[in-house]
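Same chain, two partners: subunit A is paired with subunit B first, then with subunit C.
Now for the complex of A and B:
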């Protein structure tokens, strides 16, 4: 039985090469907002070339399954792209990522069925060597755990599953042992000591592992998890490439794998936590997190919408600090309108974007861009932090931990050392929030009782609309 | 960024340590005489590993330059690129036999196609929203 790698016409190899170049150029163009759209288009062209090249493959003789899969997948994908609102972006990325992992896992199982389980009697199947068995094992494992892990992440982001970390004693030990057991299975399969049926056991264990691995991770750590799962689906694709000796699969998989890894490391750095701590730490759980229930010193001062509007009216410079609460309240359009009203009065308005604000890397940027905020108003943390001292009003909208001064001073606090937005350096701070409840890390925010801070209680969207009304009078 | 580089170095080191092991595993199974001329031999495997390592480095350097502003489109875009597993799925779905491979392959084509089409389309839709201020 021939290997999949055979029967590849030369034209296919050339098309693959062109596809790889287009992927690389496309990702390069994604590094600037002006060229990003072109980059995405180039990468899509690369994908088209890769598909055209593959369809010339000599082993493809049946077309009905290909047609059904392509039409069904294409239609569903297009519907998702056209009809899903921008606010559902984290969920969408999670679910689509899971599908990519599932595809890799399924291909791995096909290969195993073809070359190991159904191989002709007496054949030693030299073209499917121990190396291929090992990589196919990795492919199945990564693909399966990406699939279920992404589905759990989807459930958490969508609110179908509680976004609170779910923990039990000894959880980390169980997870690590589970992972080791899967690796042992792969080794057993490579050496040939185990019956190939154990590939299915491996797939089942990996499916379970995906669930066990993501369940204990809390909602606010989702940016890291999504980026990690992205890396896994890339690595699964690269493993597929090794099994099939397909270079474009390896290149695209490696690009995706390293990008996911780098993004998750950047997210971790923005929280001053290590990757291990995020993946195994379960911060904010019932046991961890709260360091001795330290109470806030003093009472917060609450102000009315009218007072807040007056303060905004008197300001020259305003910085808006959005957080996950803005996304949850769907307040981004109202916030932009508020900013427009302020700008009409000659007040300078900017947005301070913390790298981990929201539920995925760059979440706030996409939401505000969706609300028609020009991207040069969205300022990164390092750039905007020195500007707070020269700011009249910092308007905090549904953000909490990312502007908690305890990160600078309170040693032993779970967020100690995390880079924060220097909101408290502004002359006045107005915090729009539903209640005094602490943020994800479970610690009270000293900012709320600072002398220059006022609380404006209420639903983000309603409060913003009331402010617009008051200011427009 | 120092720490990030350290991590990556660790990953690469682990890969470097792993690869001779993979090659060994490769050499132990087929006897050279039995290997078909078009089969994957050790040197081709090494080339594949080179491609993987170099592409990983390249990806790392490329992504490092992407500003946080574009992190979501970047993730969405690379996510669509990971739908490249479509290439493997297509072949599996189009095989002459066994049927089970056609079915699983067809399912994989559906999943990957959803990933590819949805991924690129929504990244485009997202990027269309990013506009420069008039000021």
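Now for the complex of A and C:
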């Protein structure tokens, strides 16, 4: 191998360049369900080239260790790919992120030990400059917090840790101060005012910070957190690249960091949240507004448009339950079109019209008639309620109180005794909604956390259009 | 329990408090329904239809009320009818108790437990009993048809070989139930529609029906009270609003006003001056005519054409012009209410239920409704 490096000058750099191109093309392909498989394959090829490139770097100390690492890692990776079910994808990503972060952190620590702590007496080699110290500090911090943060996220997703948000007063202030303290440590290390031993203090603080910043976040918001952690692990990898002067790590890390950040931004937008809200770790449920006893027992599960489309695709009978959210989003035309697409596939589609759906009597009728929904498809509550039990998917479109099971059971609730649509009797319920916010009556809806219910967050019109697009592929 | 449904005696009243369908529901619930002969005539419901549904048809009024326990009416009973109601009976009707003090005190004196369905709280589960909401649905729809008939043109935008017809511009003031229904109906007739309300929260609701929300002045959340109704505005705000409104009015072909404040005269939204600014041939339909009207020139129950050629319609009880649907909705509201409050064959007037507390006006010889007592106290002192 070293021979090859001599024969082909700069072959490592060429391989890295090819790897970087493959990463970028791969990520581009991942943005659409059609090309995602190819994208994944391209990125994997890129990774292979990057590994080959690194192996002929010429600075290899012991091949045995590399072999052990590759075999162990390869076997674990293969087992995860084969045996972990697709539904456990978020957990898997959490683990991979966390391990990536841990790797970056460990590399950082090693480099610090090698160049700063164990530095030969009297050596004045400028090899590890102040810049390197700073980047190594960032690398250790990001790597460590990504590791523990991801492990907590994994625990929450897996149910090992309560997925309810754990909060205490002044949490955000503590977190921000903690973060500032870590940054101060890095500055101190760069200027040389602090003993290099403080690198370990930094690592310890970052490990704790990872836990502190994920604990207050509720289970339903975990996807956003995972995307954020993904970004952090990418940044950690990029920092590693700077420390090791490894270009492909910088490129891959930057790609990973920016795509993670973009993904979390998109998810925030879909959930009607700002990024600051997420960055401060206060994403666990509506902040402030929740009073005691009003909280939901359990966590809503959120699904993607593609998953929702699959469920609709597999259904034989679908009932659409429109509410004021559909009217406010102006989604009635899109919903009609969605129903048409489903009908073309031989799926039976009906609309369940609750007498108080919307903000005026007949609100749904007026809008759906405007969208040319046949009157025969609109079914009154009393007639359609028995049919839910025989329905595969109840698609709740911006409706809330009119399908809240609290009306049946929760005595003292403002809607107690109101007849509701029995959507929870359907095999599966998909709720399209902008956020978890309550409806007109101002009370939370247990339906959203029912085991057979999945939340599809987003603007009603956009979501419906995406569903149509996915189903028409 | 004996439930009686008398014929409505008030002039122009076409509704009836029960339909064959609600008779059946009450019958199933173990109530014995007696309907006065001819009660459903104006709504197109024959005595036979009622008796087929299980009601007993009674010809003489005194016999009808004798031994009755629950009386279902539309309008408040006249003084003579009140004397026929047995003491201790339950009356369900629309009493308008914040305004009609006389009938309230008569019913109290008579010892009648009177529920007034126009006082149903605006909460989700009581929607099925909310008569104001059902009647407003009909009046909102009808108001647009009235306006359309009174307009010198038609409403939609048509480009034809004989020239282009520009769409009518319709402004709906007050986006409550009637206002929203008017907006939806005008849109369906092809007009360009604007909506306005002092409660900024309804902007989204107006827009959800495809209309535009007219932004006049800075609005605040304070205009909606806890019950979901509009509150009276301060003088200053109203003046500002009028100035801004005048400019918009000059553009409109039809204006439908629906602003009502419970227990108060209707607020004036359109002054004489503002009407003068409107185009000749334009039409105002004032749905608040019963409470004096939202327009200064409104003649309740009549039509009026201003010097500037603006037609102002002040219809009363517009829902009575569609008696079949008005009766259907009203009777359903009544039956929903009755079956809600009547548990195990009796009506508990002491119940803590929000719906009972909100609607029970008189009981045990006294006026018991808090807001009605407040109004009564204010007028006495």
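Definition applied: the second predicted complex is superposed on the first by the 272 of 473 C-alpha atoms of A that agree within 3 Å, B and C clash if a C-alpha of one lies under 4 Å from a C-alpha of the other, contacts with A are read in each partner's own complex, and residues count from 1 in each chain.
Operating definition for what follows: contacts are C-beta pairs under 8 Å (C-beta built on N, C-alpha and C of every residue); 3 or more make two chains touch, one makes a residue touch a chain.
These numbers come from a predicted model, not from an experiment.
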{"item": "Touched partner set for A:240, first subunit B, second subunit C, both or neither", "value": "first"}
{"item": "Which superposed partner A:103 touches (first subunit B, second subunit C, both, neither)", "value": "first"}
{"item": "First (subunit B), second (subunit C), both or neither touched by A:386", "value": "neither"}
{"item": "First, second, both or neither for A:298, with subunit B first and subunit C second", "value": "neither"}
{"item": "Dominant contact partner of subunit A by residue count, subunit C or subunit B", "value": "B"}
{"item": "Touching partner for A:414 - first (subunit B), second (subunit C), both, neither", "value": "second"}
{"item": "Touching partner for A:361 - first (subunit B), second (subunit C), both, neither", "value": "both"}
{"item": "Subunit B versus subunit C as contact partner of A:30, first or second or both or neither", "value": "first"}
{"item": "First (subunit B), second (subunit C), both or neither touched by A:370", "value": "both"}
{"item": "Overlap of subunit C and subunit B interfaces on subunit A (superposed complexes)", "value": "355, 360-363, 366, 369-370"}
{"item": "Residue ranges of subunit C in contact with subunit A within the complex", "value": "123-125, 127-128, 133-134, 137, 177, 180-181, 184, 187-188, 202, 204-205, 207-210, 340"}
{"item": "Residues of subunit B defined as touching subunit A within the complex", "value": "1, 3-4, 7-8, 11, 22-23, 25-26, 28-31, 34-36, 38-40, 44-45, 48, 51-53, 55-60, 62-96, 98, 100-135"}
{"item": "Residue ranges of subunit A in contact with subunit B within the complex", "value": "2-6, 23-24, 26-28, 30-34, 36-37, 39-41, 43-44, 46-47, 50-51, 54-55, 57, 59-63, 65-66, 68-70, 72-74, 76-78, 80-82, 84, 86, 89, 92-93, 96-97, 99-100, 102-104, 106-107, 109-111, 113-114, 118, 124, 126-127, 129-132, 134, 190, 226-227, 230, 233-234, 236-238, 240-263, 265-266, 269, 275, 353, 355, 360-363, 365-366, 369-370, 372, 374-378, 380"}
{"item": "In the complex, subunit A residues that touch subunit C", "value": "324, 327-328, 330, 355-356, 358-363, 366-367, 369-370, 401-402, 407, 414-419, 440-441"}
